[in-house]
Amino acid sequence: MLERYLTAASTYAHWIDYQFLLIAVLVGFWLIVAEGMMFWLIFKFRARDGRATQYITGEETHLKRWITIPHILVILCDIVIIVPAILVWYNIKQVMPPADETVRVIGQQWAWSFQQAGPDGVMDTADDIRTVGELHVKVNTTYHFELMSRDVVHSFAVPSFRLKQDALPGRTISGWFRPNRVGSYDIQCTQMCGIGHGLMAGRIIVETPQDHAAWLLHNSTPAVAGQQALPSPSTVGMDGLATMAEVRR
Amino acid sequence: MSASAKPIANARSGTGIPSARLITWWVIASEIVIFGGLLASYIMHRVAHPEWAESASHTLTWAGALNTFILLTSSLCAVLAHQAADSHDGPKAAKLLRLTALGGLIFLCVKGYEWTLDIREGFVLSSGGFWSFYYTLAGLHGLHVLAGMIIMLIVAADAAKNEELQRVECIGLYWHFVDIVWIFLFPLLYIAK
Amino acid sequence: MSTHVEHAEPGIFRKYFWSTDHKMIAMQYLFTGMAMALIGGYFAYVFRMQLGFPNQYVPGYGIVTPGRYNALVTMHGSIMIFWVAMPVLIAAFGNFLIPLMVGCDDMAFPRINRLSYQIFLLSVLVLLSSFLVKGGPFGGAWTAYPPLSAVGSYNLTPAGATLWLVAVALEFVAFLLGGINFTVTTMNSRAPGMKMYDIPLVIWMIVLASIIFMCSAGPLIAGAVMLLFDQTMSTGFFDPTRGGDPLLWQHLFWFFGHPEVYVVLLPAMGIVAEIIAVFARKKIFGYKTVLYTTWAVGFLSFVVWAHHQFVAGIDPRMANIFSITTLLISVPITEMVFLYIATLYGGSIHLDTPMLWALGFIAEFMVGGVTGIFLGSSGTDIYLHDTYFVIAHFHYTFVPIAIIAVYGGLTFWYPKMFGRMLNETLGKIHFWGTVIPFNVIFIPLFITGTAGDQRRVYSYALFAEQSRPALQHLRLTSTIALLVMLSFQLIFIFNFFWSLRNGKSAGANPWRSATLEWTVPSPPPHGNFAVMPTVYRGPYEYGLPGGADDYVPQNVPDQAFGDQNS
Amino acid sequence: MHKFQKSALYRIASRSLRLPLALVIGGLALSGCRMGATDAATRGQEVFETCVPCHNSDGSGNAAVGAPNIAGMKAWYVEREVDKFRAGVRGMHFNDVEGMRMRPMVLSLASEEDVKAVAHYVETLPPVPHGSSFPGDPKAGAALYATCGACHGDTGAGNQDLGAPRIAGVDDWYLATELRKFRSGVRGTNPKDREGRLMRPMARTLANEDAIRNVVAYVETLKP
């Protein structure tokens, strides 16, 4: 159901979508029943001359069951909703499948920046790739992310992945995602983080392994003697610009 | 209605508890959650930060203990004032209430002396997590002591003229509450090291 | 028998600003709340215009910059909850109704009552003054999460942030004083004969709301003190680099914030109960069961707060517990709504304006209720958290509460407050002109939220998925519907003031209602009751078989209409 | 008794009626008069509100948030740099904390016209004097300034033909910060940043932190 409104591009997007559908069906049924009942009663018992009001306290057993039976059914529906909800939650947030790759996601006012291992495959080495506003990942690869914040509370959200996690200053929060559809998707910040909150956009680009390898090679900068103390220059390059400019238009 | 005339609503007592005592209990209940929130925050932080014990070791335990003793004694005076008010002896109740307020004053003086020493040693509100809680908790409590003293002196002035004697009990209740808050603060801020 | 003596007419100041009369204090709260509602509505107009017509000049405001947008949404939220819903629903209706409906002449502590309004007014002034300081009003969302709210160089509105915090804290103190007074008055000052289950539901609910507020506001007041020190005295309560914890604020805030939802919901439910009973000419179906569900809701509201923080970085295992408690709270609320609907059964339903509002409340509130299930179940909340789905959901609860139920209450008790009837035709036009656009505003927002629109965003131009034209059309629809809804409010304002002079004279009991406030003249005189009433029965004795009339007021002794019901 | 009450309540209500009604009607009438900016200058002033939270309404800036004094800056320079931010040529480096705050804000400007309008508005702001925030040796800096003078001019007035902005009268902390950014490659490494790529090697001729402080101290003595 959700996919009608937004692409699903990660493995767990469908879990959430099915959960959404389940709830929509159950609560939709109850909403229609209750609203229908109400409007029917309003019509049926509209004021008419010569018809007296019935004196009902609501303590009568034969009438009370009209409340107690739906009541029990509501509890049953709650259980039907809560069990899969917890399962979805458990599988997304509480357990992490083994990682193929790791990325570091850093929020600051008002940009997302990313650090991932260069061609050597090891994080925190000289050939790490640091990007701003744009994250390149391989399709069908399980990523673990380490989420941090440099200043205030941000929230790392990729709607197409159905991924959302707050970034807290002073902590590193881990999570995972596994993109399964090539393309380029929005990254939002969904926690008020100052005047630029509504402008804190990023892109996540899901590539085929070949494209990703080419990108890695093109953008990693081996350590340059004499410049080792300095951060490597921006690697975003023109690709990032093009995307952002497109979005502007 | 002029401000001095009491409405019928004030005189009724559906619960059997006089309205004045009832409202005092509700005020105390809402104060309990304020201090409760602050204390719970402090305890959670304290558990998460064992290193705060070092800061806590700089507090003056003797001053805290002395203040505990002073507040307990003043609470005793408040009880005696209540007894006097019950036997309709307004002047005696007033005298005892003023004695209670004097206890509060001594408490604040000791507190002031203690804080002066702390600040001289360089421990101020922003010196670290423990000190922030130390000054905020004790400061909020100190404000309650101060407010209690002021109300108590007003009640005493009425009581001396044998007026509004039911208020003696209410301010006494409030004073016991302030006392009990301190009994929580003393071990948490001074003894736990 | 009244013990009050007629006084010489007091000066304007003493009468309007220094009065201890509960009815005058109710009017002070009502008019202050309505003025604040105009301000809050104006902000909604401005930021919806920005969303509907991005970056255009907004007539009557100017350009909406990102910083101003944040301030607008922050102030809209804060004002509508703290300075409209609370003062109107609890303080205005509570002050006006409690002494009248429990049958006494005033609050138990009238001067504390006056102090409560004065502190409230001070909080209003402090909040409004934040519009004049450098940097403007606070823009860090009404939830004010630190470190953003704590550090001036992050939020860029240091003065506004502090003033906002002080205003909120003062407002809490005002409602603590008011709520304690309500509770004591209802516990102690009821008319002789009015037993626990003879108290009208609206009074029960206002008092329970006050008690819930009292139990939940304390931790946030403590948090406000800490945040104030972080802002002004460079402490580090919420600063992670100095041993503090930003999550602590979130817990303190939502420990208050979720019960707060029920603090404003319960009075609205109470108002609706009164109206339904009168206009369906029916006893409330299962009066005691309604009360039990209210208690259950009140208790459960304290154990659900972390469902606002599922993805905030709390221990993920906690989410499971809070997900269960959250779905659990749906049980008593559903039951309460079922009981209201069941009350219609066997009635004789008159669709006067107040009844339209009351039924509208139930119909709309149900939508708000069921959409809450999506957010309360932790799995779907990962996606829906902080999207427009949340906005649409809580507006489907808050608009019925603070707009629809309030209009219901105002149209119902207007004759009692001012002695004249409102115009029915204008009232019905206003009803449909409010309720239909309301749905057109928020149904599109459910869809944009489901499509991923995140909250508090001033323009979606930078987000490719969100700047799809279809979504912009939905936003535009919502904006236009808001303009329609706002313009229909002018009809109410006109009706309100026009009827003060030109309305039909109401008489004591125009709705033939059984509760005590309708036994006194409209508007009630000073001291309310010429003869203090005694209560003989519950508040909803409608449709009694065999009586001369179809209802029996609470203060009529049993002999007066025969013994068949004693 | 209640008659008096009724009239009292009625009087408040009817008195309070007239003002809001007049305001509402008047407001509607006024708002109908103007649906948008009349000219570029007004628009520039309106859009400048975007910049006010950090740079202040007089353009004096705020060192605490890293926002420089921009009052009276030349429009061509403001426009060029804003465009660089918008295109991601500036403010896209991993360590450029201030740039990452600036970039989204200029992206909020709706169009190139708005950029031009706000740049012209910035130029019309009267310069705001400011103090110095760190010590340096202007005499030692004078010698180092020779390199800078080639483009920025002996008086630091800048040279539009060479794309060199005025630096005299700019906040010392801002100059120092940007010199450090150029040196470390946080700024001036993007291939599209033509002027930045020229500036970067110049900044790298400054050997160390002392050199930066001294040359900035010298620039502070210049009168534009």
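In order of appearance the chains are A, B, C and D, and numbering begins at 1 in each one.
In the analysis below, a contact is a pair of C-beta atoms (placed from the backbone, for glycine too) under 8 Å apart; a residue touches a chain by one contact, two chains touch by 3 or more.
Keep in mind that what you see is a predicted model, and the values were worked out from it rather than measured.
With B-C and A-D as the two chain pairs, more C-beta contacts join B-C. With centres defined as mean CA coordinates, chain D is found 35 Å away from chain A. Chain centres here are Cα means. That of chain A falls 31 Å from that of chain C.
Here the spacing of chain C and chain D, counted between their Cα centres, is 43 Å.
In chain C, the residues that reach two or more other chains under the touch definition are 65-67, 156, 458-459, 462, 526. Annotation for chain A: residues touching 2 or more other chains are 109, 195-196, 198-199, 201, 244, 248.
In chain D, the positions touching at least two other chains are 53, 104-105, 107-108.
Pairwise chain contacts present here: A-C, A-D, B-C, C-D [touch as defined].
Residues 1-2, 4-6, 8-10, 12-14, 16-17, 20-21, 24, 27, 30-32, 34-37, 46-47, 49-50, 52-54, 62, 64-65, 104-105, 107-108, 110 of chain D are the ones touching chain C in the complex.
Remark: chain C residues 6, 9, 15-16, 23, 27, 31, 38, 54-57, 59-60, 62-63, 65-68, 135, 152-153, 156-157, 417-419, 458-459, 462, 490, 493-494, 496-497, 500-501, 521, 523-526 touch chain D in the complex.
For chain C in complex with chain B, the touching residues are 3-4, 7, 20-21, 99, 104-112, 176, 180-181, 183-185, 187-190, 194, 214-223, 225-226, 229, 233-237, 242-245, 248, 252, 255, 526-527, 532.
By the touch rule above, chain C contacts chain A in their complex via residues 65-67, 69-70, 139-141, 143, 145, 147-148, 151, 154-156, 240-241, 246-247, 280-289, 310-313, 316-317, 319-320, 323-324, 327-328, 330-331, 334-335, 337-339, 341-351, 359, 362-363, 366-367, 370-371, 373-374, 377-380, 382-383, 385-387, 447, 450-452, 454-459, 461-467, 542-545, 550.
Of all residues in chain D, those touching chain A in their complex are 53, 86-89, 91-95, 97, 100-101, 103-105, 107-108, 184-186, 189-192.
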